[in-house]
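Structures given as structure tokens follow.
Two complexes come next, and they have one chain in common, subunit A, joined by subunit B in the first and subunit C in the second.
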Partner chain A sequence: MAHAHSHTSAMDAGKASVAARTRAQAAARTGAGASNRASNRAVPPSAPRPARARRLLTPWLFLLAPLTLLVTFTYAPIANMVAYSFTDWDGVSPELHYTGAENYAELFTREDLFQVFWVSGYYLAASVIQIVAALYFATILSFSVRFRNFFKGVLFFPSLVNGVAIGFVFLYFFQDGGTFDTVLGLFGHHTDHAWLGTPVSANVSLAGVSIWRYLGMNFVLFLGAIQSVPGELYEAAELDGAGRWHQFRYIIAPGIRPVLTLTVILSVSGSLSAFEIPYIMTGGATGTETFVIQTVKLAFQFNKTGLASAAAVVLLLIILLVTWVQRRLVPDDRVDLV
Partner chain B sequence: MTRRVVARTLVYLSLIGATLVVLLPLGVVLLTSLKTETETAHGSGALTLPRHPFNFHNYATAFRDGGMLTAFGNTAFILVVSVGGTVLIGSMTAYAIDRFTFRFRKLVVALFLIAALVPGVTTQVATFQIVHSLGMFDTRWAPIALYMGTDIVSIYIFLQFVRSIPISLDEAARLDGANAFTIYRKIIFPLLKPAIATVVIVKGIAVYNDFYIPFLYMPSQDLGVISTSLFRFKGPYSAHWETISAGAVLVILPTLIVFLALQKYIYNGFMRGATR
Partner chain C sequence: MNRRTAQVLATVAGAALLLPGCTGTGGSTKGADAKAPDDPSKVSGTITVLTVRTDLVQDGTMKKYAAEFNKTYPRVKVEFQALTNYEAEIKIRMNTDDYGDVLLIPAVIKKNDYPKFFASLGTRAERSKKYRFTDFTTVGGKVYGQSPVGVMPGFVYNKRVWKEAGITAWPASPAEFLADLKAIRAKTDAIPYYTNFAAQWPLTSWTYVDGAVHCDPRATTKLAEGDPWAAGSDLRVGDTLLYDIVKQGLAEKDPTTSNWEESKPRTAKGEIATQWLGTWAIIQFRDAAKKAGVNPDDIGFMPFPARTNGTFCATVGPDYNQAVNVHSAHKEAARAWIDWFTDESGYDKDNLAISPLRNAPMPDVLKPYEEAGVKLIELDDSAGAKVKLIDDRSEVGIYKPEYRQDLVDLARGARKGSLDDFLGGLGEKWTGTQKNVSH
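Up next, the complex of A and B:
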């Protein structure tokens, strides 16, 4: 930003000198030069009052709509949410009572409310597998492989597909006698296990679907990062006799570190706020309720706006905490808006 | 040498395995969508081919009875308005932040930065009340306003591009008598084309696929977008996998066409969007 600053001031100075020159010429013509020039120096010559006001106002005119939307739909809700979380409001009635930290206490002491955190564990474990697999495929597809673009497209495509469609595709996949059972049958393994029928099996299945859905996005980001590593590095390494593993360890891994940390943090907050796949496929039944499903149910089915707000505040704080820890661990110099 | 061959074979095997895992569930749904009711009911198996491969009866049912036509109309309207709005808002914000020095500039930047960390799903409990009090609940303006108002990533993308436009262009125009709005409209905006393409792709796909916001804010049947209309198949067609499959294929097909046509831009778009 510094260079922009110097540009504008240099330009202002230029304009000022032009203005001063014309004024001096005019003054010389009328013969009242001395007093005029003195007053010129007192007031900045480049900006007469209305023009200056306009210049001060201009950026705010551009920011009017964005800031209004930002405050209305991001900051006002956060403020309201924090306020609701200390009340027993039901979301509709005009009456509400201040209840202190009761909602928070309820959240952490009621077994059934707290267990959604264990469900996040399945999604966290899934994201570990997902990141490792994405790294593997990004690495092998960054070297020359036949049908490279085909494989790249196939791996990436699921991340573009509508979540509801994915939910249905996999409801059929895990259905009794559906795709999965049929494929297992091909290998001679016949089973009538209801994949979405017990908590552990259902959560594992749902977490598997989320790997299927999000792996492609991680993969493409890793691939992009790997390909931005200059090619000479690989050539030099190959001349030095480095194998694929050493190339990965010493060239690829350092090159993708920023993207990797970003992915890890997105995975953590994604695991905590998993919603679409479990909601569409099971509606949170058989122990698959996630934090966000629970919050949505509390707020919109059971009219417990106060308790739901407390839950949302807790989730928000956890995610901000994770982000903060990540920023401390890996100082990111690229986030420099100013 | 043999070790190399083995390694290469394993690499290809893993790629083929992944391809099967990705394509098999989708392919089976495509097959199912072409089957008749009796074929799916009598459990001929998920992997069998449909008896009449050009049986589009289920698609007609999904389109007519499932309200997919209305859904595509609603999605198209919301998509065009909100993506257009996002482009305008994002580019204006980026222009104001990068090209002007004004009081509270750092505060404004910080407001946008912090908002980027807040996941939208967490605040809906309270956002709902605000949308409701503005009279936007159960109208198409609720998702439009939320999509336009809470997109920070596109502001980042525009900011990067505005920075790369040389300031001398602004100055030259200003010397010719152009004011800030003319500079934005005639110089900055046209030069932002690559960023606009990125934002349109990333935002367009996100809006097309979003389920949460239309589900919360537009419960009316006739305000269904593709996600919510497809979701409603779950009740009436719960045993009719051939109709549900046809609906799913109808939703996935446009995505596939867009992906095949714009592959290069889509990859670039997402890489830019994520690494901001």
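Up next, the complex of A and C:
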């Protein structure tokens, strides 16, 4: 349920941190780490000035490209958005007026703008199911199971499909007499239910699509983390007579804890900012409007770009706040498997 | 984060904050004119024409128009850009100077800003003698756009199905209309009415009942000055009819998964009996009929079921207005295209549409209208800009799909509340904002 673009980096980060930690532990055990690090730091003191300057410059040259992209396409637009949030801009007019904190005042005094967060509850519940299912599949498929690569592919496949395409596919799926009804009919279950017809049914259906869509991503994250737990630990555990459940409880669960925390944070922020699937499938009709859909409508239907920018800023702050609270409640302790 | 990185970040953020200063277009070119060329053989340049007709660009029809245009203007090269999501895309492009030479005036641009974005086509006094709809784009006596076709809202219906249900005359009141739909439900297999709820925008066309219900050319001004949902007002009559259609089970079973593209052949084949759309849809439904191998003449068109002084009434308005980009380097060529496309291309006839020329006859599809003596009126749009402003400020959205979707949800019980409270609430929001909108 998290944003797609944060996935890859998060996955790498998760893997890297787990791997680095195990390596560090291994190094600490042998005592080789200390001497290695010491020798690394022994830089020849008599390096000539240009060489030293170049050494200082090189990393920045490498960083130049990504930093330029990051600033141009992430920080500049965000700064822009923050600036717009203090204006009454309509998105196209050459004139815009500074209105101070008026947009924020409007946001916080209009109860109706925050009611849409109830819809996020459906997605939050869905992400609990999603995380549990992803963890379950990742654990099972990390053991040697027949056709495990096939199943990995099946689970990961939805992540490869474009979200907009998924929206359209599932519109047909939920149609009256569509795929879902046909499949249920095959099992002798003939409903006459309009799946997107009532607010509860529509939100549950959309959250279900969301699980299908993002399960694979969580699954891969967990699988990567599980596989970076050193194999000898399982061997040792097996020798000690630990079953699958004990292996999970005492090796896998603590071993992937940082990734688990990360996934929970991504899921919560993803639930609060759910957009793609409900926007394509229902456009926010029948009580499926999320905060982001509402923001888009404010900006592009009612041309209140200033107010919409303020709403986006508030969403950003809410997500930061939730993440912070979460980190305070569940501190990211160092895990020692040995 | 150490102090140095903090400083760098602060500088970057500060620089970015200055960027909004360059938003929008400069006022230097404000008030330019796009004059019609005197000698067609001397106009030259390459012009880019923006359009929403993706279909016509893809199947080469637009190229044929351009080739025809080149017979009169041999030195002008016309290129087309079809935008699928026109309103959203053009809004972003109009923050630069590069938005084509000829474009369609998007709804987002405030009327008073027209001179900042478009070059004038002439004065209203002069143009209104020849063309319809000039006041829709007039600012300060000058006209900034011209629609190549006129459109008229109305019901697209399948004549065969209506006849099978035993209906011979157009219903003359909402109650008769509902009775007819019930007859269709009872006597045929067709879905009496299709909302196209999922496609969203077809529902928006219910706003265009305005003016037709009481045959009032000043209906738009009434929206700007009063409560659009007051008892007996046009929008209330229209919305109540839509509510009753859905409430009485005369619409499709599951509106949330309805399908616009499929609805065209289904209407042609008689699986769907009726939809509230406009004259622009007739050609699409007839094409769908040809593709499906059924009789295109089954597609009929009827006015809103209301009679004022004994006659039906329908409003004629412009479609998207074509305009010349004020920053265009080839304003004469752009102007030549608009004039030619409006006057001579035959685009209106190809689309079975109403001509924007005052002296042109009505298209054949509207023969039944002439026979029935339907009164055609043009709405006065002098308060149009104010209505749009109230609409956006109040977030009611009479030109947006959401409130009609809520109305349909209300009617089929997916949303709690009564129709009176719902329309009353809209009216309150509307009139509350009205007080604060001055011009």
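The rule is simple: the second predicted complex is superposed on the first by the 212 of 338 C-alpha atoms of A that agree within 3 Å, B and C clash if a C-alpha of one lies under 4 Å from a C-alpha of the other, contacts with A are read in each partner's own complex, and residues count from 1 in each chain.
Here is the rule we use: a residue touches a chain if its C-beta (ideal position, glycine included) is under 8 Å from a C-beta of that chain, and two chains touch if they have at least 3 such contacts.
Everything numeric here is computed off the predicted structure, so don't read it as measured data.
K.L.:
Contacts for A:Ala105 in the overlay, against subunit B (first) and subunit C (second): which applies, first, second, both or neither?
P.N.:
In the superposed model, A:Ala105 contacts neither subunit B nor subunit C.
K.L.:
Examine A:Gly284 and indicate which partner it touches, taking first as subunit B and second as subunit C; both and neither are also allowed.
P.N.:
Touch partner of A:Gly284: subunit C, not subunit B.
K.L.:
State whether A:Gly178 touches subunit B only (first), subunit C only (second), both chains, or neither.
P.N.:
It touches subunit B and subunit C both.
K.L.:
Applying the document's definition of touch, where does A:Ala236 land relative to subunit B and subunit C: first, second, both, or neither?
P.N.:
Neither: A:Ala236 stays clear of subunit B and subunit C.
K.L.:
Between subunit B and subunit C, point out the one touching more subunit A residues.
P.N.:
Counted on subunit A, the partner with more touching residues turns out to be B.
K.L.:
Touch test for A:Val325: subunit B only (first), subunit C only (second), both, or neither?
P.N.:
neither
K.L.:
By the touch definition at the top of the document, which applies to A:Tyr84: first (subunit B), second (subunit C), both, or neither?
P.N.:
both
K.L.:
Regarding the shared-chain residue A:Val128, is it in contact with subunit B (first), subunit C (second), both, or neither?
P.N.:
After superposition on chain A, A:Val128 lies in contact with neither partner.
K.L.:
Given the touch rule stated above, what does A:Gly197 touch, subunit B (first), subunit C (second), both, or neither?
P.N.:
A:Gly197 sits against subunit C, while subunit B stays out of touch.
K.L.:
Kindly classify A:Ala76 by the partners it touches after superposition: subunit B alone (first), subunit C alone (second), both, or neither?
P.N.:
In the superposed model, A:Ala76 contacts both subunit B and subunit C.
K.L.:
Name the residues of subunit A shared by its contacts with subunit B and its contacts with subunit C.
P.N.:
In subunit A, positions 75-76, 78, 80, 84, 91, 175, 178, 300 sit in both the subunit B and subunit C interfaces.
K.L.:
Which of the residues in subunit A end up touching subunit B in this complex?
P.N.:
Against subunit B, subunit A makes touches at 1, 3-5, 7-8, 11, 56, 58-60, 62-63, 65-67, 69-70, 72-78, 80-81, 84, 91, 136-137, 140-141, 145-146, 149, 151, 153-158, 160-165, 168-170, 172-173, 175, 177-179, 181-183, 186, 212, 217, 220-221, 224-225, 244, 258-259, 262, 269, 273, 275-276, 280, 292, 295-296, 299-300, 305, 308-309, 312, 315-316, 319-320, 323, 334-335, 337-338.
K.L.:
Inside the complex, what are the residues of subunit B that reach subunit A?
P.N.:
Against subunit A, the touching part of subunit B is residues 7, 11-12, 14-15, 18-19, 21-26, 28-29, 32, 43, 45-47, 89-90, 92-93, 95-102, 105-106, 108-109, 111-113, 115, 117-119, 121-130, 134, 145-146, 148-150, 155, 159, 167-168, 171, 174, 180, 184, 205, 208-209, 211-212, 216, 226-228, 230-231, 233-234, 241, 244-245, 247-248, 251-252, 255-256, 259, 263, 266-267, 270-271, 274-275.
K.L.:
Provide the residue numbers of subunit A that touch subunit C in the complex, in ascending order.
P.N.:
71, 75-76, 78-80, 82-84, 87, 89-96, 171, 174-176, 178, 194-199, 202, 282-287, 297-298, 300-304
K.L.:
So in the complex, which bits of subunit C are touching subunit A?
P.N.:
Where subunit C meets subunit A, its residues are 9, 12-13, 16-17, 19-20, 23-27, 87-88, 91, 94-95, 108-110, 113, 116, 197-198, 200, 253-254, 256-257, 259, 392-393, 395, 397, 400-402, 405-406, 409, 412, 414-415.
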